[in-house]
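To keep things simple, chains are lettered A, B, C and D as they appear, and every chain counts its residues starting from 1.
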Amino acid sequence: MTTWQSPYPQRSTARQLGLTTGILPTGSRNDLTDVPGVRVGHATLVAGEGPLRPGAGPVRTGVTAILPHGGNLFQEKVPAGAFVLNGFGKAVGLAQLQELGTLETPVVLTNTLSVWHAADAVVTYMLAQNPEIGITTSTVNPVVGECNDSYLNDIQGRHVTAAMVHAALASADGGPVRQGAVGAGTGLVCFGFKGGIGSASRAVGPYTLGALVQANFGRRPSLMVAGRPVGQRLAAYPGPEGPEPEAVPSGSIMVVLATDAPLDSRQLTRLCRRGALGIGRVGGSAANGSGDFVLAFSTAQRVPNTAGGPTMAWRLLHDDAPEMDQLFLAAAEAVEEAILNALFTAVTVEGRDGHVAHGLPVQRVLETLKEG
Amino acid sequence: MTTWQSPYPQRSTARQLGLTTGILPTGSRNDLTDVPGVRVGHATLVAGEGPLRPGAGPVRTGVTAILPHGGNLFQEKVPAGAFVLNGFGKAVGLAQLQELGTLETPVVLTNTLSVWHAADAVVTYMLAQNPEIGITTSTVNPVVGECNDSYLNDIQGRHVTAAMVHAALASADGGPVRQGAVGAGTGLVCFGFKGGIGSASRAVGPYTLGALVQANFGRRPSLMVAGRPVGQRLAAYPGPEGPEPEAVPSGSIMVVLATDAPLDSRQLTRLCRRGALGIGRVGGSAANGSGDFVLAFSTAQRVPNTAGGPTMAWRLLHDDAPEMDQLFLAAAEAVEEAILNALFTAVTVEGRDGHVAHGLPVQRVLETLKEG
Amino acid sequence: MTTWQSPYPQRSTARQLGLTTGILPTGSRNDLTDVPGVRVGHATLVAGEGPLRPGAGPVRTGVTAILPHGGNLFQEKVPAGAFVLNGFGKAVGLAQLQELGTLETPVVLTNTLSVWHAADAVVTYMLAQNPEIGITTSTVNPVVGECNDSYLNDIQGRHVTAAMVHAALASADGGPVRQGAVGAGTGLVCFGFKGGIGSASRAVGPYTLGALVQANFGRRPSLMVAGRPVGQRLAAYPGPEGPEPEAVPSGSIMVVLATDAPLDSRQLTRLCRRGALGIGRVGGSAANGSGDFVLAFSTAQRVPNTAGGPTMAWRLLHDDAPEMDQLFLAAAEAVEEAILNALFTAVTVEGRDGHVAHGLPVQRVLETLKEG
Amino acid sequence: MTTWQSPYPQRSTARQLGLTTGILPTGSRNDLTDVPGVRVGHATLVAGEGPLRPGAGPVRTGVTAILPHGGNLFQEKVPAGAFVLNGFGKAVGLAQLQELGTLETPVVLTNTLSVWHAADAVVTYMLAQNPEIGITTSTVNPVVGECNDSYLNDIQGRHVTAAMVHAALASADGGPVRQGAVGAGTGLVCFGFKGGIGSASRAVGPYTLGALVQANFGRRPSLMVAGRPVGQRLAAYPGPEGPEPEAVPSGSIMVVLATDAPLDSRQLTRLCRRGALGIGRVGGSAANGSGDFVLAFSTAQRVPNTAGGPTMAWRLLHDDAPEMDQLFLAAAEAVEEAILNALFTAVTVEGRDGHVAHGLPVQRVLETLKEG
């Protein structure tokens, strides 16, 4: 019986190594689950090595699940918004999320060709909790994002099963977010180094904003760390981290933002556009083949599936409140730091056909930052 | 001294003549100002006749102003949304309306090439009420729509002055909406007949939804009245209403929806998309050159310019409430009937170069409807 | 071995019964496959009767597949666009279609909770043709739409298998489009009558525009046929067609437009917005729970997956060409008539729990149209 | 007689002082007019000093005009796209630009409350070239952007006249772009320092991409220069550059991108989203009150106002061509460097009420960059 645990250790985050980016304070632990009630879980599948045999392996993939709260999400939806920086991606569920301004399932992340299996598995999970779905009430809208892990993984094999999705959901808790080569981050490559799951957060007055990224994008020469052209500097270093793999496909990034600030769908959509700026802060430029999606939800209020009466009471942050501008900056900063954390925490992983994604040479990065 | 009154009489509305469209009940008077607090005013300019002398005349144009409430709109904004069915138009102010989800000025309608003069005049009007704008507070976002009245009017002359805009605003009241060849409807052509301003409303439970259109679109063969291909039937009638003018430019339609239902910007945007379906119900198909815009606002709640505190209380209709579906249908129905009213109420107008836009031959239309 | 044939006969289309709507001429056969090269196929699954046993049946569902051409769609993509009239739906693949402006798989339609299984099955189909996908080239973006057939079907059972999807794809041809209670239309309800698949087309100069709808929307009182309030008139007829089922969930409509006019993604998106007006012409108003999506593609030109050089030659219809306005009108007309055809051609179907969707009482409809 | 020349000198650009950002090579002169055929002109109005007397002065404002080519833009339109990062702004003309995918006038930039006067003046300019507009052909769609210069300028006075707009248009040439406190940049503040007009460019294979910004956004603590938190470091330096003015309103940024790569409207819109990432690279986060708009046009092909035939031949860059990814990166880099150039080139300006916007202390910035 598998435990779906990642065999790859997690390294330290950027901030744990003394690298501070941005000007706002972090949340309590500097990750997505700093937002009260939010839960994150992973299921990781690592199997086989050697040449690619499509359908058989090797497998380097997984699932990451994010739950806005611990209750029944279909019955108690949360306000949500989305922004598509570059739509070359297969994320499902956005049209309904944007139309109704709500999220009614967990957000699940996985690999590109497993996104539909994962969505179906989310439906199974929701049906178990809400057997009336599609019989006496409306259907349910799973939200699943993805990145292409085919440089390391047998992506054609679509090895993500319903059991894996359910395991990721079942394992979700509000503890520290496991980052790096784990869950949906297992097989990713980012700026020519090992990518994966990263997270960060910011405190804004009484509110917290958290970001979790599935980072799989960028070419090495573009990488900026704390504003320095680290990608260019590392290109000049020969060494064990190796050159950027030429065969890496155009990657992608999925960003999930959570906050306990009382925002509605329009405001959360605004937040998503600022989250995209964080991609720019590390040197990303949304290459043609990079599916770059940003989602956001608020835990401050819930939208009942069945209206008790025709109207609902809301409390919303005023767009002109100082906290709004701070949340906008927080979104950009948290995404930037979450991407760095994906790079800092992920270890080297070898996958199909001997492809190796080297972990970012963190000490060299920190040394080069001292150079100016 | 001009009175800015239209010299053209208003004929009866479709319903006054016994023609009922749609299945929902109308509001109290079947026009936009059935929504409590909403005000409408017009200023009409008719001057000269004969050959077009660009810059001199003849002039057949005007301004129509819609005020969501009688207070200070900059200080007490209203939630608003918009949908662009076809963006071949010069409407101003939509980007901010959509970003912030609010309307902070009256909506003003005029001719295509006068839209910027009119917008500037709205700013002057707002500055008079709010002298701190642009000094100690943010600037102001006028919302102005337009239709091309150049078949009858010297549009290059840009004869709409600030005085006309201010007169339309000053004349606005909550009484019956003057329709037909009046205000921004003075020089319009619709389905090859005289177009203009039309209005209608629907009652939905405790709520009212009203529509006002500036109707200037469509070719005669497409016209449908109560679903019958009236345009085709009238094409076969020779007679004093004359053929469709060939030189009529591609027209446009501006639609303004108002409701006292408690809707936010996302919901009002949904409402706008349904309003566009009303254009389809009369045979419209948004020709390439037809700028077709739909705006909507709610009078149920106001957004203060200066937040008293960081958050605001709201009350919103649940998307799943039965009233929502009724409001969606009401939007389609009210727009359909408002367009018919523009056609029914507008009399024949002769403009530049002997161009004549004939009033819809209402009796023939009613007779043909009896045929089936 | 199943044949996936529908057990339900197809009745005559509206036009075959003498009912003409719109003013433009039809294509050669008045359906989607009038557009040269376009293929349509269905797979229908009807099994069991009696009480609903979720996961077991009864089953009234299916798959409809639309192929823009008979070649390798991944290697030779077609320009495409989309418009979401109401996003309460689970259609997949739109973000990439809109970003890149191309369609690279068949469009598959099925039931709401089977959309992800179907998408995965499309991927399997594409991988078989293009084994390099996700290994040496980018991944593939399946486009799948859906309607909720749960009034008749055990939707929780997700009975649509990869075999069904592949059967629908394999059966696709350029012959007359089978309409009514077939394929993805098997379990649908529309305006309180039996809905399903409908199709129609229009000729515009040298070009053809075709529409195919999966029609599952609307309440009976709103139904308009050729502009008459037929829904209201039929509400007054007691009789064997029965009352509108109260338990019918909010429906949806998927619209697919095809044309051989040389349009690009921006222009096809414009076309989609006009297609939505056709929904308004039959009385639709996009109820809150109705996922209303419009897709369009052009067969005039193909976009290679692998660029032979950095640039490509295109030929595009000028936006200002008279044909463009005619295509816009054609989209509205073809969608209207396709919806009517879904209603006219679909026979009565009984499904789970004794639920019956009665076929539109066509003779009564035709008689009432004679009344005016 | 005024010359509309700026009385403020232009300082050196960042690159002239040895500061290189980004990894791509610049165009020949590193500004917008490196794109062949593109012309830029300015008109600057500086008058009065002392206390603000609304309507009278002091005046610190102007106009900047960008012409895609030297021909008749209405007759020979250029493909164009736009992206709204934050819609709290009054830019006019975007709806039609996005619908038709073309730009048919110069792009004019000015102050927030003069945008409508400027748009009307553009119409006058276009009518002079095309007297048939609005008589025998369609109307014209001016595109005008703006920033709020009210910290220094009497913005209520709306001092921008048609003569100024026409002077800016008449002065436009393909020579080096005058940057800093000039034209529409005269009264701007950016990151608490003097903002203004900045420009930069990148070479991508045979193509050039240029950016011009009207930079008026950001709070000092957020400023990043070459990735370093320069805003924070300068906050600690007391000195003649002074503290950040507290009364500065939320600013904005208008970005105009030009390229001679053969891109259509969809592709140019993609380019605009990448341009927005350049705002993130200098620390911008699109504050609530900051209207952040990005426009792009291509000079590679022209769209005739009057179609010679129904279709047009096009040549387009393939989305998957390597040049596309380089253009995307170029957009982010050129916007970053254009913003830095606005800051580097603008000198200290004193305006109304003794308000002073201090020029960026360039030497301190360069010194602090040496620190790391």
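Side notes on the structure shown:
We take it that contacts are C-beta pairs under 8 Å (C-beta built on N, C-alpha and C of every residue); 3 or more make two chains touch, one makes a residue touch a chain.
What you see is a predicted model, and the numbers here were worked out from it, not measured in a lab.
When every chain is reduced to the mean of its CA atoms, the largest separation from chain B belongs to A.
Looking at A-D and C-D side by side, the one with more C-beta contacts is A-D.
Taking the mean of the C-alpha atoms as each chain's centre, chain A and chain D sit 34 Å apart. Chain C and chain D have CA centres that are 45 Å apart. The set of chain C residues that touch two or more partner chains comprises 86, 99-100, 250, 270, 289, 319-320. Note for the complex: chain B touches chain A at residues 99-101, 205, 262, 264-266, 270, 303-307, 309-323. Those residues of chain D that touch chain A in the complex are listed here as 23, 85-86, 221-222, 224, 226-229, 232, 250, 270, 273-274, 276-281, 284-289, 319-320, 324-325, 328-329, 331-332, 369-372. On the side of chain C, the complex with chain A involves touching residues 52, 54, 84, 86-96, 98-100, 112-113, 116-117, 119-120, 123, 127, 131, 133-135, 138-139, 141-142, 148, 150, 155-156, 158, 247, 249-250, 289, 291, 293.
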